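Order as written gives the chain letters A, B, C and D; numbering starts at 1 within each chain.
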């Protein structure tokens, strides 16, 4: 079996494990107050061009999302996100568990726009019933989105501009940030990210680490007592230096960007094949996720050798699926997938012709 | 000024006040454990044909909704309702404040269907990611809905049947139940309500009381420790007998039904006029709310003498509004409104003609 | 039966009911945005000497406590109160329901001291583990306390001074504030209250109203969006003008103070009798609550004619109880209680002598 | 510097790292649904003698505590624990964050008794105000406790018997369970643990793992939908097989028990020295934690070579501290500590004599 169903089916890049192994018997201060976390944070702050940022390392994405959002909001305030947003559909109500509504905006490709946010806030403020409605206060976006699409620099600037104008926070979920910042058509840098939102995180779990996300807080209003909030939600790792070590390894010699860029190139090859085969897709994207739509019979054949994620049924005979590449995806695997797709399409075309 | 903007702009029906006054100096046990509440509960249980029901009196609707829903759900479970549901849009995130997501279903007229619920639950259960999503467990409907529409007996039976099949609770918000059960085309009785859901409430605030809602719990699984939950949410009125007295007055000689039926008839007269005038509306309904769509110029004139609620802008020149009738609406007021609407329409038609 | 078991067993002072009745058919704006609430708030602000205060009317005490406290705290912060505090023992975990720990300080008579607060905060700040502990941020006191005791001006000044020094809020639960401000040995005015805390409330329910508490917010940091928070917790009364009417009536010609002062004088007479009888008590207090300790046999006899609240067992043969007076307590009732207590004591003494 | 300040300052036992390394490039199903977790769970169920148990692996202790407790309780219910309990003092209000009060019972040595629980529940049930108080429903104990003490088999049986009698759950926090089950005077087996509570967890973080706790649920009432609850609180590790691998390694050839037993023997040697030196301690215990009380001057000297945890000040000149041993503690370190303590005591005695 060859694996394309997600970007977290392998433990970690060897450089991460090597770093962990090296510190295996080294006593360390606990709860993230160790030299490894400090060093990794310093690297991240330097790359962001923001020495004033606070960097906190957490274990997972849902944990990070709920900790950041509940830290930022007063009780009556809501997070605003795409209807497809991870916090809206894939966290078992983790944000609501902290007492906050998620206001869902319609989206075609996972992205939301500055105009949507502006209209929502204006409508809220203009309503005589506004005190009877959850107050929009934080905009949550993912970059890349759940559908692999990315925000351009201009889009990010517009979103953040609206947020500042109306006093909302902008929070960027970067669970796959590495793939976004190294996409072929990306024009956003890590420094832009740090400049164009109030808090974001750099995903480790899906980008080569065993686990771990690095939350970067640039807005002073969100910094106070953040460690209390991590602890309150059970997110403070006792042996926290394991997080620091991993990010230290990932940000040594730009490894993080290199492995994500490589995964994007692997995905580009799959995309090129799909394009040649005229396979439709749920969304056009340039990162490590691909969302083709195939017939059930095609997928039945494909699934004999390859894994993929089921998205949803498109019509009586077709389903959308997801392929993911990662640091662990080999050229051989990609070649095998592309060849298999061509072969199955060709055979099934013949069958169809033969049937006629 | 003549008032049609809501059904709670007058304190209470005189029979309610008379009852309160009568018990003004009578010492009573506190927190709802008094003979007045017992008597009112007995009346309600008899009308419901359910001696086994538990009846609790709470002060307001949002309070009742959040107490019932948080009592019924485990932490990872969600309430399901129409996108227009009061709990989804007009309670400042009160349900989310108790930790639960509200899953919103699309609706045209405020109602949701058994099919929608069934599909939602089936999709949830079939999803390999279901543990990553809030679990639908309680269906919340309002009868009448936010748009004044009502559920037929067949629709209620279908909804409850699906709920039981899939192990969901059905909770009916009856803030305006009296208007629903006395609508011209209604075929549901209070006993049907008690039979066709797990818990519902009989609204007092909007149906003649000073304040108060009577929650009727028929499912044993929802009865345990309910008073603890009322107290925990700050909903236990110290001088609780005030609630019992009001419901006792409202259910003496079917006063509750009489005043709601009369308000519906007042609304019917407004509806008849609107129909004759060919005024479009947001939703067709038969209860005490009416949602006509008028031009801005019409409303500017109308607002000089009458109050109404703004719903939303329909197009550049038209807005949807709401008229409400209640126990306090007089025939004179209704006549005045109908006459004024005809007059304004006529004048503005002349103006338009004159302009031509 | 003569009633001394609490101060909320009668509906309301006649002047309150008269005011309600007068406005019985007067249409009003909803949700507390009406002229009655504005007028009552203006009276309260004037009495407090704080035109800048925000005054909000809520239905009950637990509701007010949970709304104020959850409005003031960030998620990781805790309220600090006496171990006997209402929020700690008699609200079914309503504060915890909003996500916040209540840190309980030991007390003998219901009061806590500035020194206790200072030590708690200093210990917290000095602890290397402080991020692993809920952060004390708001001090909750009741005046009078659960045991009827009151804070002197000097004590309040000391508490507030410590709070300001360490950046904590001071919140005073005034469910029985009227009794406190009119106690024989009180040296605190309503204006002092407004000056010496960040938010407090003036209790109506236990001081002559049907229901209702008036929250007075003087600290600007606590004012923003407070109405959203009232709604979110289900505490926004639809026909909110009922609250305004009641407080308007209570603060006309100082009725509020007059009825509370009178109740205190009634209690003083009971206290004088108990003193003459050498009956021990749980706490020395000067307000409308009295906490004598009697033998079981004494209470068995007393309970035939009088109601009282059980506090707790003191030893194998004695229990502490509570008598309450209120605006509804008559001189005749007090005379009857005092006479009965003397009589029972005398008879039981004879019995005891006879037994010997 | 030689480290005795906690039992989590080293990453993990080499066998754990070796196991991780071996599976470093092996693709795995995500979110704990992998063969590694299944295998580790099977080993644990076998050791517990409970094939019917559900075993879930979580990352940390606070995470496990809040997930289990919020899964078990209805909103108005409370957890009961020692005043020193981790959930009461060292989790930044994580239990309250899920809406539940922690009722603290007094304790001298970290343990609570069946009698205390019984009395609490009886008092609650007998109180006429019980609906105004959080309802005790789950008893939380740690074994070993925060003070290193352990429960005997008889004590556990008594506690569980009371819990079953009154319908309460018993939850045992086993963050250091390995040290407890291998203490010199322990008479409890892992099978006893599984038999004498409703849910407990086997700590990995403090017993040789990189991270991880294994929750064992034996009561069917607590099993349903537990994975939803893990996810809702952000505790579902994407690459969950890392947890399975670690517990698989720890339970191969009883490694878990071997390393904990060895750590206890190391602690026994320190205890023996302290006893000979007549050093008082906070609590008598037989596990890997030791709580001696030393003078400030002694600790000043000791801290030059050894790390320890500060507990609290005992008097003007003395402080209680904690030493911890772990799988990583060497005999050389223990010898060095014992020698140093004797030397410092001797020198300071001479100084004292010289001063005289």
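Worth pointing out:
Throughout what follows, a residue touches a chain if its C-beta (ideal position, glycine included) is under 8 Å from a C-beta of that chain, and two chains touch if they have at least 3 such contacts.
In this text, all values refer to a predicted model and were calculated from it rather than measured experimentally.
Ranking every chain by how far its Cα centroid lies from the centroid of chain C, the top place goes to A.
Interface comparison, B-D versus A-D: the pair with the greater number of contacting C-beta pairs is A-D. Our note on geometry: chain A versus chain B, Cα centroid distance of 42 Å, whole angstroms. The geometric centre of chain B is 51 Å away from that of chain D, both derived from CA atoms. Here the spacing of chain A and chain D, counted between their Cα centres, is 35 Å. Multi-chain contact residues of chain C, defined as those touching 2 or more other chains: 75-76, 91-93, 97-99, 131-132, 134-135, 228-229, 231-232, 236. By the touch criterion given at the top, residues 3, 6, 8-12, 14, 17, 20-21, 23-30, 59-67, 91-94, 97-98, 205-206, 210-211, 228-229, 231-239, 241-242, 328 of chain A touch chain D in their complex. By the touch criterion given at the top, residues 31, 70-71, 74-76, 98-99, 131-132, 134-135, 225, 227-229, 231-232, 236 of chain A touch chain C in their complex. Against chain B, in their complex, chain A makes its touches with residues 75-76, 78, 89-93, 96-102, 128-129, 131-135, 310.
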